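Labels run A, B and C following the written order; every chain starts at residue 1.
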Amino acid sequence: MFRRSEQDKRPQVQIFVDGTAVAARQGDTVSAALLASGCDARRSTAVSGAPRLPYCMMGVCFDCLVTIDGVGNRQGCLVPVAEGMQIEIQKGKREIGK
Amino acid sequence: MSRDYDVAVVGGGLLGSAIAWGLGRLGKRVAVLDEGDITKRASRANFALVWVQSKGLGMPAYTVWTVQASQAWGRLASELKQQTGLDVSLQQNGGFHLTLGDDEFGQRTELVKRMHNQTGAADYKMEMLSASEVKKSLPLIGPEVSGGSYCPLDGHVNSLRTFRAFHTGFRAFGIDYFPERPVSAISKSGGEFRLTTPKGELRAAKIVLAAGNANQTLAPMVGLYAPMGPTRGQIVVTERTMPFLPHPLTTIRQTDEGTVMIGDSKEDELDDRALKHSVSAVMADRAQRMFPHLSRLNVVRSWAGIRVMPQDGFPIYDQSETHPGAFVACCHSGVTLASNHAFEIARMVAAGALEPELVGAFSASRFGAAGAANNSGY
Amino acid sequence: MTVAPKREAYDVVVIGAGPAGLAAAATSAEAGLSTLLLDENIGPGGQVFRAISSTPVTDRNQLGADYWVGADLVQSLRASRAEIIHRATVWSLDRNLEIAVSIGGASAFLKAQRVILATGALERPFPIPGWTLPGVMTAGAAQTMLKSSALVPDGRTVIAGQGPLLWLLAAQILRLGGRIDRILDTTERGNYFAALPHAFAFLTSPYFTKGLSMMREVKAKVQVVSGVTELSASGDGQLANVSYVAGGKRETIPADLLLLHQGVVPNVNLAMAAGIEHRWDDLQLCWSPVLDASGNSSVAGIAIAGDGAGIGGANAAVVRGRIAARAAVEALAPAVATKLAPMATLRADLAKAERGRVFLDTLFRPAPQFRIPTGDTIVCRCEEVTAKDVLDAVAIGATGPNQLKAYRRTGMGPCQGRLCGLTVTELMAQARGKTAQEIGYYRLRAPVKPITLAELAAVPKSEADVKAVVRG
């Protein structure tokens, strides 16, 4: 859906999406990294289970919700990636304690 | 609004709606007069418990009335489902009141004892359980939980959907719902009541005042008395999460949608627009001590609501001697008692008289003896 | 890295580090007032100058000169003594000017003598059939990714809607080598006539030549369909097709990405939760705060600058930021105010920056069918409530957005109405034959952004607070 411009010379950062290593760039938000990765990053909603991807990328729509390092329902568009970060695509309601 | 009605219900919240729906169910021609979008509405601020335990200390009749309501709720839910297709998600598998630390456990034990010793009240099997007994039903409780009381009759419901179901049911019963028509004056002439609203006058043979705390102002217009003592309550609600809480608690419940509601406070402040975060913090802190897993959930909303609260905490149901056909109904527990309002109060209003053996204890004449303390157990 | 605020009280707290916030904080701090700038994003710039300090897009022409103006603002701010904290989410502001801000999972509580809200705008909801499908995003979302991560659309891409940002985005995507298959222009033809009386101001504004050259640049490379009157997205769990009607003719094209845009509207949540009075703006079709000429709101001590004060664009936002800050300086340190740019000069600057705005607002007033959906189209994305659901609720008695919440849960999800509020107001107004002002808006309360229960639990509490909750 998106690809990186060649002029992007930022250092790589490795994150894991559902356990699979994905190359991101320093300064990416989690959502941007997911959309650039080509992974199927669709979460499913807590209401009907409908598939969703980020919509606004500016922190207002909450369609980018994702589990980051074990914490559910984080706004992926507001969190920068970090080396070794573990991302899980959320399916339905988050689990309590996660 | 020229059409004449058998009954005009003043107030379209849960209590007024339940009575109006019950009257419509009996074939009465009913009008409901309500306020608009922004007004103090306990119907959309409540905690949605269908709750028995600890109700009625100081008035055994209230315990009896509450137990009856709890037992009739299933019938209400199924009639609403049948009529509107809406499942109000009634769950009555027992509820808990959890205590933190030994002091709270001791106080609760004392309360349970006092409730049991009260004569004339229905036995609703409220009992104290140790922390390990509680854990059998609620495996996720934290180490600070010292135990709690349990009552098998307790439950909860989706109160917003109940509200919607009543209003949906109005149509099928031919009930006219008139929002944005606060009543400013009521008079009786020619054997009928005339209610003044900003959008004209409405006439009805009988009226039921179900305007919450505003009943205090409306009741004297028809020779009734409804002394109110409202308080503010705050509630915090989290995002939806997977089901984890099989029973409702007095202060925590998981809705059928998955959100976790955390209540509640009792404050003298009556501004429902403002919130006191430090009070919400106490609620949040207690909730996470009861269920440590809750701590990472996100709070998505919080609000303050004004409780409809008769001065002594017990319901008021009364009929006017000076203005026959005028009734007043107000209580704190509009959710718990909705079944009684829909079935019993509506039946009595339709028949023209409240039955003393059923609701005589709730007459406002009890306020004649001054100094009734607020000891309803809420 | 996250840092807590250095003090508990400030002369001025500015919320939002976009054009208005950057300018306001710099002005206030330069005048010697203790100033804190709180911002939710990773770096300064807001939306328009997104990633201004970190963008990987190094060719300055690609993002355009208007973007790089932001670098000067950031430089001025950094030269001032203002304290700035990023990834700081303000979740509560009240009438006593008490601020609760979440930073790194913990809340700090601050007191300010003056608060300048510069929380900006968000894109107007574009509730067409299929707008919740993966692959449908806002144009602003694509622009955010382009600026902050040099990401450009790769698959079959359609851009639909109207307004200056849409053309700017298209030009930027093309300059970075991205793909755009088609642009669907939804500007109503009648708007051109309606806007005509305001054309002179526009023709003499800087928007005109810039806008025209950008449209030429894009039209040379992409097929543009104008006069689009219907639009929908479809696909099974993922966008597959975009369907539209133009000139009475329906066409359906395959697409992987649909970028929607029909202007921006003030982001009102924090301001409304603080109790600031707002009015419906019939021209901009949104809620705007009631402000005096210095940006002061109905709540004493809180001013609003930037697009949150009513949409005016980046240049106006900068000036409004300076005006609000100057007013704060006049109030708190009048002796210093004389050293700042005179208010009269600032007001003249603002008039200049706002030149041509009425023309743009009139020309790009979104058509009713793109604001007020019907049938099964989703209105509330969080709670998945459709237009038909809303109308059903109106039929049984919902008079406004708050009763609607009770019936249908609209606005009760995590976005707190940001993506459905305007649609709900307009849909209910239409259904009830009322004005949007009469229908009103959701009653908003803190927390305006979610915080964890643990974070709320950590708020300091008194014995009286405990007694209000624990009562036997």
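Following the convention adopted for this analysis, a residue touches a chain if its C-beta (ideal position, glycine included) is under 8 Å from a C-beta of that chain, and two chains touch if they have at least 3 such contacts.
Quick caveat, the model's predicted, so the values are computed rather than measured.
Of the two chain pairs examined here, A-C and A-B, it is A-C that is joined by more C-beta pairs in contact. Farthest chain from chain A, judged by C-alpha centroids: B. Taking each chain's centre as the mean of its C-alpha atoms, chain B lies 40 Å from chain C.
Taking the mean of the C-alpha atoms as each chain's centre, chain A and chain C sit 23 Å apart. Note on chain placement: the centre of chain A and the centre of chain B lie 43 Å apart, centres being C-alpha means. With touch defined as above, residues shared between interfaces to two or more other chains in chain B number as follows: 239, 257, 294, 296-298. Contact with two or more other chains is made by residues 413-414, 450 of chain C.
Residues of chain A found to touch two or more other chains are 47, 73. Of all residues in chain B, only 12, 34, 36-38, 41, 43-44, 104, 107-108, 111, 160, 163-164, 167-168, 170-171, 177, 179-180, 236, 238-239, 257, 262, 264-267, 273-288, 294-304 touch chain C in the complex they form. Of all the residues in chain A, the ones that touch chain B in their complex are 46-47, 71-73, 92-98. Remark: chain C residues 92, 94-95, 100, 275, 393, 396-397, 399-403, 405-409, 412-414, 416, 439-440, 443, 445-447, 450-454, 456-462, 465-466, 468-472 touch chain B in the complex.
Across the complex, chain A is touched by residues 40-42, 47, 51, 54, 56-59, 87, 122-123, 132-138, 140-142, 144-145, 148-155, 176-178, 237-238, 256-257, 267, 381-384, 413-415, 418-419, 449-450 of chain C.
Contacts from chain A toward chain C in the complex involve residues 1-10, 25, 27-29, 32-33, 35-36, 42, 45, 47-48, 50-63, 65, 73, 77-78, 80.
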